[in-house]
Amino acid sequence: MFFSKKLRLASAVLGVAMLSTVFAGCGGDSGSSDEFKVGANIEMTGNQANYGNAGLEGLRLAIKEANEAGGINGKQIKLVEADNKSESAEAVNAATKLISDDGVKVIVGPAVTANVIAESQVATDNKVPVIAFAATNPDVTVENGAVKPYIFRSCFIDPQQGTVMAQFASKELKAKTAVMYIDSSSDYSKSLGKVFQETFEAAGGKVVMQESFLAKDQDFKAALTKIKAANADVIFIPAYYEEVGKIVKQAREIGITATMLGTDGWDDPKVADIAGASALNNTYFSTHYFAEDPGAKSFIDSFTKEYGHAPNVFAALGYDAGKLLVDALKRAGSDDPEAIRKAIEETKDLQVATAKVTMDPATHNPIKDAIIIENVDGKYVFKSRIAPSK
Amino acid sequence: MNLLRKNDLIMLGLSLVIFAILQVLITTKVLTSFWELNLIIIGINVIMAVSLNLINGYTGQFSLGHAGFMAVGAYTGVVMTTFFHLPFIVAIIAGAVLAGLLGFLIGLPTLRLRGDYLAIATLGLGEIIRIVIMNLDYVGGAAGFKGITHHTNFAWVFLIMLFTLFVIKNFVNSSHGRACIAIRENEIAAEAMGINTTKYKVMAFTIGAAFAGVAGCLFGHNFYIISPGSFTFLASFNYLIMVVMGGLGSITGSIAGAFVVTFISAVLAPWPEFRMIIYALALILLMFYRPQGLFGYMEVTSMGIFRRIFKRGHES
Amino acid sequence: MSEVLLKAENVSIVFGGLKAVSDFDFYINKGELIGLIGPNGAGKTTAFNLITGVYQPTTGSIEFAGKSIVGKKPYEITQRGIARTFQNIRLFSELTVLDNVKIAFHSHVKYGLAETVFRVGRYFSEEKQIEEESMKLLKIFKLDGHAYDQAKNLPYGAQRRLEIARALAAKPKLLLLDEPAAGMNPQETKELMEMISWIRKEFGLTVLLIEHDMSLVMGICERIYVLEYGMIIANGTPKEIQENPEVIRAYLGGEA
Amino acid sequence: MDFLHQFVQQLINGVSLGSIYALIALGYTMIYGIIKLINFAHGDIYMVGAYIGFFAITRAGLSIVPALLISMVVTGILGMIVERLAYKPLRHAPRISVLITAIGVSFFLEYASMYFVSPTPRTFPEVIPSVAFNVGPFIVNGQQMLIMGITLVLMLILTYIVQKTKLGKAMRAASFDVETAQLMGINADRVISFTFCIGSALAAAAGVLVGVYYNSIDPLMGIMPGLKAFVAAVLGGIGILPGAVAGGIILGVIEALVSGFISSTFRDAAAFAILILVLLFKPSGIFGKNTREKV
Amino acid sequence: MGTMLTINDINVFYGAIHAIKGVSLEVNEGEIVTLIGANGAGKSTILRTISGLLKPKTGSIQFEGQEIAGMPAHEIVKTGISQVPEGRRIFAEMSVLENLELGAFTRKDKDGIKADMELVFERFPRLKERIGQLAGTLSGGEQQMLAMGRALMSRPRLLLLDEPSMGLAPLLIKEIFTIIQDINKTGTTVLLVEQNANMALSIAHRAYVLETGRITLSGDAKELAASDEVRKAYLGG
């Protein structure tokens, strides 16, 4: 009576589902020995999917090229992808799955700092090396002053960019006052702001106002109206391109003519699309590479051929991480995570799309130049190349 | 009445057997750490769903802000362990107390509202909690709280889940619980039966919030980093879906709902493009063909199969 | 001289400028069975709502057992000993018949929250007592066979009986019945009449009922109040009421 | 710029943002008025409207007005289809089932769109040159004027439809009392369908305008504005058309003022706080009438 | 005079409640038929079943030879039946004019509607005075008139009236009943549900007395008015 037919069916389904969980759990083997299993923990859906997916395209291309060139000692590299839904909790989930179920020996990603930090504990516990391709926050590889043995990155770090832009503002632009407009939902943005302020004020400038917004905001006019009133020489906006495009557009609309400065998050053709070429004039940003650099050219060509559209900076960084990984795998010669870890740490003078990199074993950050680009009528114009300060 | 106690003991024994089996499977690595993690998430979701069910399903008060209380518990807990270096259990209790207190303070004025108005007000309150946390630099603001020590494991989650189920089941099977159910069924008649409806609505809301706080604390200590982004109204929707999918007013249902939703999410993980589409369609179809959820108001203990196994009938 | 249990003096209530009940004067002695009748919209249910605290009177006083109950919430009034049924049945329809009755014992439960949650102390003994008393009530109302059925699945007449059983479980001194026979057939109505008389004696109750079924009202009430346009137009024995020209006019219409 | 100056400038910003909330809120409130459903998918309808407008402009090369009209028509039909397939079968189901279905529809629209148009934001072409007009010391740009202008026109048209046309009257009658409306010979199903059509068309217009205004659209763009619009509708008194407009504008202005004078990170919190205060002190909204359940 | 409406053995349920138990009745063209009985006897339920708001579980309802049981309410209006619901249910937030326009919702003949509107105003001059006023601000009697005028706007052949006297002062009741008689004289058949039995019987041709879902008496209105049976049905004894 109480236990109707339908209900019986429902619980049967439930039971099967439970059992299958248990059995599915038994399936995690370490993979066959004729391929290298590499994990990609990526923001495929959710708020940061744009950045994650672009990086994944670059990564896939690097792996594909390596496989076409004969793989690693005749073995093919197999990329196992997992979606972290742009949430740090899910990044842990995805990393755990990659390690325990898919048996990967090394992981590339995620794109965003917070997600990499979430993942790093699981990777460290399981002694699986990680290469972060776009997480520029210093805390990614270092904790309490000590380097995290298994966590690496293939991009430069925020202090470098922040310092570069602050020096650029005070020395080249002779700016005395600055406003910072920060994405307070992003560690990236916040830490860049901090470094910029320190450097800029040390050089005699003054940050007269700091405003904040949140990722995915649409309307910035209210805060910009306030910023306009501050009348500063430069406005520093360390943020990602989606918001940057809208901010620049709306700033110009309400009559802000001041110079705007940005960071690598600006490096995407979308900024010009959204803001409009003329609005973007009188803006500068730091980034990882310039399209006419050696190495970059061939990457851009093959990327465009592969996907039918030009790469953005995330794609380039994803590609870099892939190159770095392939190089390390070759030198490691086995899929032993410890060997891979050691090989990554010993990376030296490796030509990737954005630069020639050497891994700093003390910080697990690559030693890389930063580039400053000026937007002129919708085109990137190379401004300067600045080596890391130390 | 011994029957009640006997039933309890059987359920408890059964649960401990399941626990032992799973724990052995985990320790021997038969269940990989990915599946351990999923079991942990299921456990946390069960606590969330059952505590929300107390508010939505049993007391009939439409709350859409449950993730907010989870956030309070999570942040309180990690502050306790990370900044004050207090034991995990103290953090859990603190998370429960603070979330419960907040639930009480919020519930007192807002539970005068009914139906959709209450729903939108609680949704708003959940968002306000999240935004306030987002603006607190003390806990890392929008970028999240980092450097949390990993305390949560399967044993903690399972035992606390069991405790939650025990408390909430006992609550709803008492005069207090019946008062809440009466409010759901007919508030005016409940009041006419001598039930102080405001008191019981607030009580259910407070207890529900406190357990959400517990779940939050477990959640926070599982992921090394927590950010306000994990506690948006979409997360509240997700818990509501678990409750409705399992059946409003059924603890068994909430367990099943939490299980099914977490499971679907894990199984569909390799197809991120389709995952949400399938999930959405499943939800709509469920509402078409089984709007009362998988279990309706039913509990496992009252089901034929269970009674048959333990040779137990209704006393009548 | 019998003791007055409920006394209303000069009670009026205004809804949006309209007087729904005005200058309502009325008393019930302990142990009486009183009927309250009147045409549709005369304000009978409003009077019930005033007594049970659902509405607060605009003016006037209501005393129960010698104490004012104006300003008290419905649950407080129930706890003081007035229980009611509703015109449009308000059962806890998804719950079992037994649970419906158990709920009404609420104000007499002494065990606390901790005893509940950890199943210690008075919990089991009181629950046992509640269950036994509930079953006893169900038996009286011939509902014990349906104890585990959902209330909504009961036949209509049985639902009406369940509402009364539930009200009794609150252990009232005064029972208010709002159209207890509505929707019942003559046979059911007759049984209901007998039951009401019986429980009144058995439980030592005072009863006030609103009813349209005159066979019931005239059959069991000792005294009847007639309301029209929110005012009491007559008060007397069934015989007196049936022959009162004011009442006939109120019911059948003045202009013929 | 002094305080007053900034204040007025923020008001201008707030009203243009509020106009968009108002357009979406109108649909919310009409649908709630007639079938008492919080249509959580309404924000996603707005997103679909934005995409249809986007493709009409970029693929078919249309200018803004025809693109707006096409988007309104197509999205209006989509609204009717959604109602027909997802909500009509649940006309007599418990409220919570319909609500969960609405959440399901919302997810479906979001992720199906994501599948078809990719999660990458699209850049809306510049259909209106972004010229800034200086009105005294204040700045209003062309797009703000477009938004306010089109919103005004649409509201006038809506007022005409609802007040003067036969279907509009049927709509008002049915949302006041479905049963009696049926006794007048009004086909409730058709009226509900029509309501979804108009509400969705207005949301589509808001979507296209947002595309023009902010230049960028993506499949998840509807979540927050949808929620805000619902807040606006409740603020004004749900089911009341002028209430939705007022609620939208009030919300827009509050957000602009909070962003301008406190911090934009508290903007959403302020919006919800105002909502809760209004609900606590006047549960039926600013324009609503209080009702109580009959005992 | 032929039979206009034939109800044959209908049974209607409200959930578990068997509200109407095998009721049959007839209304002939040109008549005023009244259905009287105490509260809760099921009078309104019968009217709501005729107009399609409720569906009978069994039994048939034929209007001018056409089976209308189970037809949706908005279609039944088109066949020529119009109902003035209990409690009037005017559209309070719309003007008097709009209420009347809604009454003519099914019609397309603009001139005819205009003419009928004039007729309504002739019959209820007070409505014309308040043409632009919100219907909710009218007095009870005016609202009853509006509800009747609204029903007449569909130019019904059968008018169903549900408790037109409810809540009205005696003088007004008299006025309303005179108007009902007038309406009937101009060719509209009327089925009147009333609790005020004396008043209803005074204007009706025939009557049915309903007790707890069953018809217990029927016949010539004048004869019923004279007998003591009706009083018993109401007051018992």
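First chain written, first letter: the chains are A, B, C, D and E, and each begins at residue 1.
Going forward, a contact is a pair of C-beta atoms (placed from the backbone, for glycine too) under 8 Å apart; a residue touches a chain by one contact, two chains touch by 3 or more.
Since we're looking at a predicted model, the values are computed, not measured.
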Count of contact steps on the shortest path from chain A to chain B: 1
Pair joined by the larger number of C-beta contacts - D-E, B-C: B-C
Mean-CA-position distance for chain C and chain B (Å): 40
Length of the line joining the C-alpha centres of chain A and chain D, rounded to whole Å: 35
Chain centre separation (chain B, chain D; CA means) in Å: 33
Where chain A and chain C are represented by their mean Cα positions, the distance between them in whole Å: 71
Shared-contact residues (touching 2 or more other chains) in chain B: 134-135, 142, 188, 273, 275-276
Sequence positions of chain C contacting 2 or more other chains: 54, 86
Chain D residues within the chain A interface of the complex: 1, 6, 9-10, 13-14, 17, 114, 119-121, 123, 126, 130, 132, 139, 141, 143, 210, 214-216, 220-221, 224-225, 255-261, 263-265, 267
Complex contact set, residues of chain A against chain B: 1-3, 6-8, 10-11, 14, 17-18, 21-22, 24-26, 28, 44-45, 47, 82-83, 85, 87-89, 92-94, 96-97, 99-101, 113-114, 117-118, 120-121, 126, 139, 143, 184-187, 190, 214
Chain E contact footprint on chain D (complex, rising order): 166, 169-170, 172-173, 176-177, 179-188
Interfacial residue positions of chain E with respect to chain C in the complex: 15-19, 38-40, 163, 165-167, 170, 173-174, 195-202, 212, 225, 230-231, 234-237
Chain B-facing residues of chain C, complex: 52, 54, 73-75, 78-79, 83-84, 86, 90-95, 99, 102-107, 109, 111, 113, 116-119, 123-124, 126-128, 130-131, 147-148, 166-167, 169-170
